[in-house]
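Both complexes shown next keep chain A, but they swap its partner, so chain B is in the first and chain C is in the second.
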Partner chain A sequence: MTHGLKARPPRAVGTAPPHHAVGLRWVPPVRARFVLGSVVVVLALWQLAEQFGVVDVQFASTPVAIVHAGGDLLSSGELWENAQTTLVEFFAGFVPAVVVGVPVGMLMGWKLRIRQTLEPALVALYVTPSLALLPLVVLALGIGEASKIAMVFVEAVITIAVNAMAGIRETEPRLVQAARAFCAGGGAMFGKVLLPGALPTIMAGLRLGAGRGVIAVIIAELYGGTDGVGQLISSYGQNFDVAALMFLTLVVAVFGYAVTALLRILGNVATSWER
Partner chain B sequence: MTTIARPRRRVPEKAMPILLGGGFLALVALLWQIAVWAGLVNPFLTSSPALVAVALVDQIGSGLLLRSLGRSALELAIGFGTAAVTGVALGLLMGRYRYVDYVVEPYVWLLYSAPVVAMFPLLVLVFGLGSPTVVAIAFLMSVVPVIVNSAQGVRNVDKVLIRTAVSFGAGETSLLRKVLLPASVPTVMAGLRLGVGRGLVGVIVGEFFAGDGGIGYNISSFAGHLGTTEVLASVFVVVVAGVLLNVLARKLESLADSWRTELP
Partner chain C sequence: MADITFARLQISYAGKAGPFVAVDGFEAHVRDGEFVTIVGPSGCGKSSVLLAADGLLRPSGGQIRIGEQVVTKPGPDRAVVFQDASLLPWRTILANVAFGLEMQGADKTTRFDRARHFIELVGLSGREDAHPHQLSGGMRQRVGIARALATDPEVLLMDEPFGALDAQTRELMAGELLRIWDLDRKTVLFVTHGIDEAVFLSDRVLVMGGSPSRVVEVIEIDLPRPRDAAVRAGEAFGKYRTHLADLLLGTAAGEPVTP
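Moving on, here comes the complex of A and B:
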């Protein structure tokens, strides 16, 4: 009757990790073993399924074939050449998005009238798929780099601004009141209370924005373009070269994960005083 | 925390946000229209609010809008519906049994950071061009937040509640039905709200690449014929649909949570 609970180790019942530290908790060896084991077993089963003809190679490819395709793409320099284009497009869109999004969002969080003016438009864009604007952006800016940069900018700036606004608004009101009671001016209030309080949420916004930006640049290149990783995916996909397609998708996933992880580390450094 | 800040926001008349926010949108539309009238911009490239309104009325009149909306809505309903069922079930298992969590975790994160839409050639190969592929993309995109949030919801359930239920002789099924599910409702609902948003992205973008009908397909095919006005009309419909879906999801979210009594 109670075997469900007994099966769990006592630590898990007694000391649950605090909610905010879930992503940072120490990885126990047992977890690493299970994760690794699961990946190895799935890859092995996948490979064996092909060998015994359980699934069609044309549809599902094989792990070995994917590695081969990846080796070819890397050694021919095709991947790196296209990745450079994509990286330039991504950062050309993401950096301005940070520069514009953070101040606008903070201003919206700080000044009531500005928030009331801009919030409906911003939130409407935030909850709708702004990728729907892609054909329009391509019509306006052509299929060159400009349309990709614009898409990354739009996707990232909305997320960043919404989070910056939320960060300012979630500042502990008692801190604001205390600062006001000690006659803090606008500058001091902003620099010493609002900005430090909002920094964790702002960094979370940058992370989310970067993730959405990576997807945006790939989809924009997929939609039309002359080079870039998305275009590479599109051309291999149209030839139904599934192994190369899967390898490239994996590369994008790893890149998105790496950017997110980098921003997470940056955010932890920037808010290290918090702990 | 916010209860203290609220009086400060409520001091101005309640109409202010509507006045300022609506006024801003109206001003943008007006400036746009004036720019077209004054000949500052070429209406072929930028269209105008009046032209978009006419195009919308045309699309409603010809039945195209309703047909496309119905199709996209059906794709979203099937994709998100299956994602909700499998996502909640898998999330509950992952939250309850940590070995399931460890085994499934890497694939969830892979699915989260991979551009699912980029896999459309593969999905087309498997499902064929058209709605089934769009449904599959919507499913793959919306299932991730549902899984992650459901698992988190179960993990965060008060351990005292679980121990109490178990010591009163609750089996695994009644523990699930009477403790775990009710206690994780807010987090699960938040996951579903995020999921439906990503599902909408999946339907629209999926139709760009693999669709043969629906709002996203219309956007991309109108754009192929340089029909800026028609594209804007369809984008407007998508924005309205997105906002309505979000409002609906938030309403459901607070409704599902309304039985909970606040503890002091």
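Moving on, here comes the complex of A and C:
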């Protein structure tokens, strides 16, 4: 029996469900049941709205049609092939963005001169929409994987660096002073005071950077290319295949959510002292 | 010899209208193994003098010497206890107390053994694995004291360490501090705005006043040690307290000090 089940009010004996193997009965916690419930209700209303002709199937499709389209995309291997390309492009851009962005941002937060040198360019890039950068990047690197990787890198590294910088700048001066009083040198100050102090903000930066990276890779693929999920979205869109389009959009959303959630868990582990 | 000499110390802060001189002509000498307290009205720069003695703040004039050595930066011969404890929130109590030793390059076994010893000394055994936010203000100060003692400094610099505690805890901590200090009698320079605390703890009290401020009076506290509640309740204690309060109220009101 799970804890969630015990917390429920006792059932009348007459309505007790038939006993299955006890270990297999899993009841999701109350909050998850409400979330799932609301999703199911919305999907059902959507499906019914189609059935009664309230919305136009041509543009809105239906949950059932989307599931079918998804099944086709999966069984033909089309989705997986393209997703692989997108995943490789995303991580090839994101991982270097972390490796470069975190130390550069931390240095910017720590050393005034480095900040003064790099901040204007970084902020300018930060507020420039990736769509505006895309033609430049494609002209420089072609429509292959390189331009997609570059886009993910640029979008993610800026967000990551800006947050790492903020994290360092928000480190409490009294902690830095205390560390100095106990003869902490530059390396120890950086690794044992500034980095742990900035870690929550750095992890938040990784999540935001991952989100912008996902946007960047999809937009770059939409713009031009031969494969990738973004390219699939583009071609199904041009064919008015709304169901497949919606399924693909959902795949991107789920992927973005999963990466963000994973980073959140990592962040919680890294800053477990806070609780 | 770990005596502290302040020679014509001047401390100034950068301001919009040029530098503001907070402390000027500060002269004092703290003998080896002596417990000296600095009191003065708030804003007189007493904490700045203390931070300068650790090398955390660069004086604009004069010098501070520990023994024969002129202070230019923090060193292992000194340790500071801060008003807000300033513990690293992500470190356990054990790792916080071991921090100074870690910075000095002591190996893990040595520093954790020493840290455990000083955690026990300040009465926090069993809380080694807690994090600072799980402790009360008084307990955090105990950790701050343990961290300072763990490096075995010759000079202990204490910047209003009990300033943020309630009156009862404060009195308790003062007693504890004297108990620990009595074990090896390090040179202590202690900054406070508490008159009772200054009289109870010190061998001598330096009273700061004036603008820019300096030492305006040195009071020798001739009370028996070890000091306890009886000493605190005695007549001599009361006299010192009254005298100190008069001095401080006088300096706070900007009147000339006539001892």
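Here is the rule we use: the second predicted complex is superposed on the first by the 239 of 275 C-alpha atoms of A that agree within 3 Å, B and C clash if a C-alpha of one lies under 4 Å from a C-alpha of the other, contacts with A are read in each partner's own complex, and residues count from 1 in each chain.
The rule we apply is simple: contacts are C-beta pairs under 8 Å (C-beta built on N, C-alpha and C of every residue); 3 or more make two chains touch, one makes a residue touch a chain.
Small disclaimer: the values here were computed from a predicted structure and weren't measured.
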Fit or clash between chain C and chain B when superposed on chain A: fit
Partner chain(s) touched by A:196 [first = chain B, second = chain C, both, neither]: second
Touched partner set for A:131, first chain B, second chain C, both or neither: first
Touching partner for A:271 - first (chain B), second (chain C), both, neither: second
Partner with the higher number of touched chain A residues, chain C or chain B: B
Touched partner set for A:188, first chain B, second chain C, both or neither: second
Partner chain(s) touched by A:180 [first = chain B, second = chain C, both, neither]: second
Lowest inter-chain C-alpha distance for chain C and chain B in the superposed arrangement, angstrom: 7
Residues of chain A contacting chain B in one complex and chain C in the other: 174, 177
Residues on chain B engaged by chain A in the complex (per definition of touch): 1-2, 4-5, 9, 12, 16-17, 20-25, 28, 45, 96, 98-99, 102-107, 109-110, 113-115, 117-122, 125-126, 152, 155-156, 159, 162-163, 166-167, 169, 171-172, 175, 197, 200-201, 204-205, 208-209, 216, 219-220, 222-224, 226, 228, 231-232, 234-235, 238-239, 241-243, 245-246
Residues on chain C engaged by chain A in the complex (per definition of touch): 54, 56, 74-76, 79-80, 82, 84, 86-91, 99-100, 102-104, 131, 147, 151
Sites on chain A touched by chain C in the complex: 174-175, 177-185, 188, 192-193, 196-197, 199, 271, 273-274
Chain A residues within the chain B interface of the complex: 1-2, 4-5, 8, 12-14, 16, 19, 22, 30-31, 34-35, 37-39, 42, 58-59, 112-113, 116-121, 123-125, 127-129, 131-136, 138-140, 169-170, 172-174, 177, 211, 214-215, 218-219, 222-223, 230, 233-234, 236-238, 240, 242, 245-246, 248-250, 252-254, 256-257, 260
